[in-house]
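Here subunit A shows up in two complexes: once beside subunit B, once beside subunit C.
Entry: the complex of A and B
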């Protein structure tokens, strides 16, 4: 196992992992607390013949990253809440034209400019539902620095394999958390590239669903094609035919939800006999790990489900664990977003309690422990 | 012999969506002829657009074609050109698309001097959405959102492009297809960011609201306001008010973005050896 120990921040880990995953294009715009990702990409990309560009705004960054993806490069952009709001327009476009792009959102307090230098988890609904219309994105929520590295690589792999935007959702704590990271050697990483066409360019259809839910993706100039944000058929040209329009949107959703099992990834602690199930992600998930351990030390059978894939939501796993528990505790740095998703998954078999906070301060282990003890 | 457009168009996508007599078709043909004269292969050309009537053009031509979101064509095109600097990228845009919602991308593409050719078809109105006022609707003229006459001053596309740093800037009108083609070709030849404005007729949305519902009447109205650049040089600003000055305003050399980036990459890689 060729691994090396290095000290870095979460934001740096994103940039380093992106390069390892084959990212060769980054377009961004400065915003706290994500700017270190752009700075690191500006430093690293030229060394690997990659392209960096600081665009004139967040909208343009998302557009340029999508354009580069259509031209064949693995691409990324990073931002925080206010910028993420602006990116939603072209995130929807990337989704519609099925261009792989990784969008990093390092969450800070909101709404609006909010609390630029303080953590929050208030963008979870925006990450999942931010752009208009029926669409499906994948949202990854790493917690530890090692997870940040590996989940960044996984974000690229998912984006490429499913031809879809993937949101890597961090928060300010994770972005700025600095510590030892075990970096795997590049040779140990599984790297997935987009499915390539096998037909000659003149026969290529960009959305040929006869290959399955993920059509092969040719790059501009090698496989000239037309595409549009309008509803389109397998040729990429606009259509208003209700059968084709319906089939397009259903296929795009199936790409993500039909791959639930492949996408699902959770970290669990003491869940095998958990009577109190804690659900938390990101930095709150790390605090919950401590709280659950303390509860166990005090004789309370608490367990933790910490999703690394927040969307599609791990609803079956949540239900199965909740059914065996007597209470579910959801901790998140917002006033109740994923708790609704947990309640939906639990379907009333077990009461669900929240540890919710949106004041710029992290949720700390004693707060979660107090709730565990209260409901135990 | 008449020019053969067939290799460049997607015949099965016709008839097009444009109203009879629309000037956009004249522009499309001029672009095709200019690309043909450059001797470029179709597969080496990307035509990118935003939203609007002009932005429907990529659907009809046989290049790599991308129909994006409103105003954002230049940003997508920048990503494509930066990713593949060896290929040719053209953007077509309407006045609302390029100068209102896309205004920020417009000035920054000019500043960056990235090797993209932008052609702005200025028909002085939002055509597709039904005749709303645009940044180039002349003062006093009517639009659906200026039913009593436009009270806003308008942008001068050429001056905006010059001020922001474009290295080729020209203007023609729908009445001069040969000049239009020549300017587009010069724009394509320019190693840098080129802006070519084409003043065109939207007799349906702009014309009908302003007693010029016949395309020939509106094109004549444009013709009457055309002033060649050499003649304009001897005219006062007052005399040029409301006129369309035709010609090539800027043709200069300035470091191009993708070339400068490539030099930087070479420098960085040389230093790390």
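Entry: the complex of A and C
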């Protein structure tokens, strides 16, 4: 793969990858530590004939990004915790109308305005379950700068292929770290576009499941159709028919959970013979990668599972590795969120220990190493 | 090669920009891998601020310093907040006037960056570049030309000469210190 050396921050990598993935619309309201994404999109979008709009708040930003998607453009919005809370209602709407859209949340300390400039990973449950009702989102958690770039492209590809919102979850450290990174040429990237209708507009049904779980998606301009947050049938108009309502929700969940294998992506180090399995993501995952390497140097058989797709959760892989291990260590910058998901996946076959922290400070490799040694 | 730097100051002093310049010098002109990871508070001016710069021959995984080889302190307030994870043989370069608690020794170099910037250079903004000159003079890393070029890349054209002089001044002050010590 042809690559070139660049120097950029995590936030800049998101913006540049979004453009490379075909994003042509951004609506947002700036908030630390995500503001550089908006700043960069404002610079880059006009150069590719795209549209950038700063909205009056995060609610409107999410609405605008969803609207642009329905109008045919790949779209994105970015925020941090407080803004992510505001986006949840319209995130549910995007999910319900099956609009592909990428929502970036660069996590900072919460709840509320919390610690605006410090890292945290306390939004993971919100990313997965933040909007109400049965719904399925995809949540990606890149670590390195190269991963940030490639996972941003993948976020768009997933959103487009499955017609669903995708949450790209960074943390302050990932968003603000700046370093050298090898970026693939645009021509080498796999770019996926939403399935397009092949019928004339007058015959088009926006939620026609006879095509499979992901109905073709026309743009509002060429294929005017009705959207509603209410349960709807294949025409897009509301229905309360229990058969149709049940089928709709089941299909929307199947789009994501039926594609687990395609969606699952993990970074693993030394897992083949790991006695201590470490599970961590984002910047904590990077700290864990260093800790596991140090543990190996000290003769401890530690291994790392660092999910790039946090949701759907890699439950089978976690179970398979945990079953062979004598302890599982979960490190995250919150006081216990994904550890519950890990415990659920492990089903008690192996004890699970946490390295949990929510004081605005990163979890550093020595803290994870200390826990590895304690349970080894 | 694996080196960890921490530049600490208070918001507005240019510590983070110094880190950006240093990391760029290592990447663009020395062919190293480098990552800089800043930390600051919501206060635009006056809050404790630091940036970690990690340099390695291999790609860097975790971007925060855990074993600091060189610590630059622009302000005592930040030194106290961030002087953790120091290597046993850490080299400290600090502003004399703003770090009254620090005493010079064989690994601690005190230069009045701000006094020099104000009184000699006539522009307080170049204090961080004086500090970069001092770090170069103490450690010999990176090559002088690499750091000069990275500074030129980041400052407005009208201020390149002033910044080069500021860099020279930082180098000179350390050389004087070393002469005195020797």
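To be clear about the criterion, the second predicted complex is superposed on the first by the 375 of 376 C-alpha atoms of A that agree within 3 Å, B and C clash if a C-alpha of one lies under 4 Å from a C-alpha of the other, contacts with A are read in each partner's own complex, and residues count from 1 in each chain.
Assume a residue touches a chain if its C-beta (ideal position, glycine included) is under 8 Å from a C-beta of that chain, and two chains touch if they have at least 3 such contacts.
Treat the numbers as computed from the prediction; the structure is a model and nothing was measured.
A.B. asks: Identify which of subunit B and subunit C touches the larger number of residues of subunit A.
C.D. replies: After superposition, B is the partner touching more of subunit A.
A.B. asks: In the overlaid three-chain picture, which partner chain does A:84 touch, first (subunit B) or second (subunit C), both, or neither?
C.D. replies: Neither partner.
A.B. asks: Quick check for you: in the superposed arrangement, does A:63 touch first (subunit B), second (subunit C), both or neither?
C.D. replies: first
A.B. asks: Of the two partner chains, subunit B (first) and subunit C (second), which one does A:149 touch, if any: first, second, both, or neither?
C.D. replies: In the superposition, A:149 touches no partner, neither subunit B nor subunit C.
A.B. asks: Which part of subunit C faces subunit A closely enough to touch in the complex?
C.D. replies: Residues 20, 23-24, 27-28, 33-42, 59-64, 66, 85 of subunit C touch subunit A in their complex.
A.B. asks: Would you mind writing out the residues of subunit B in touch with subunit A in their complex?
C.D. replies: For subunit B paired with subunit A, touching residues are 10, 13, 42-44, 46, 48, 58-59, 62-69, 72, 74-80, 82-84, 87, 104-105, 107-108, 261, 264-265, 268-269, 272.
A.B. asks: Name, in rising order, each residue of subunit A that touches subunit C in their complex.
C.D. replies: Residues 5, 7, 32, 116-118, 144-145, 173, 176-180, 283, 286-287, 289-290, 293, 362, 364-366.
A.B. asks: Would you mind writing out the residues of subunit A in touch with subunit B in their complex?
C.D. replies: 25, 27, 46-47, 49, 51, 53, 55-57, 59-61, 63-73, 75, 89-90, 93, 201, 220-222, 224-230, 237-238
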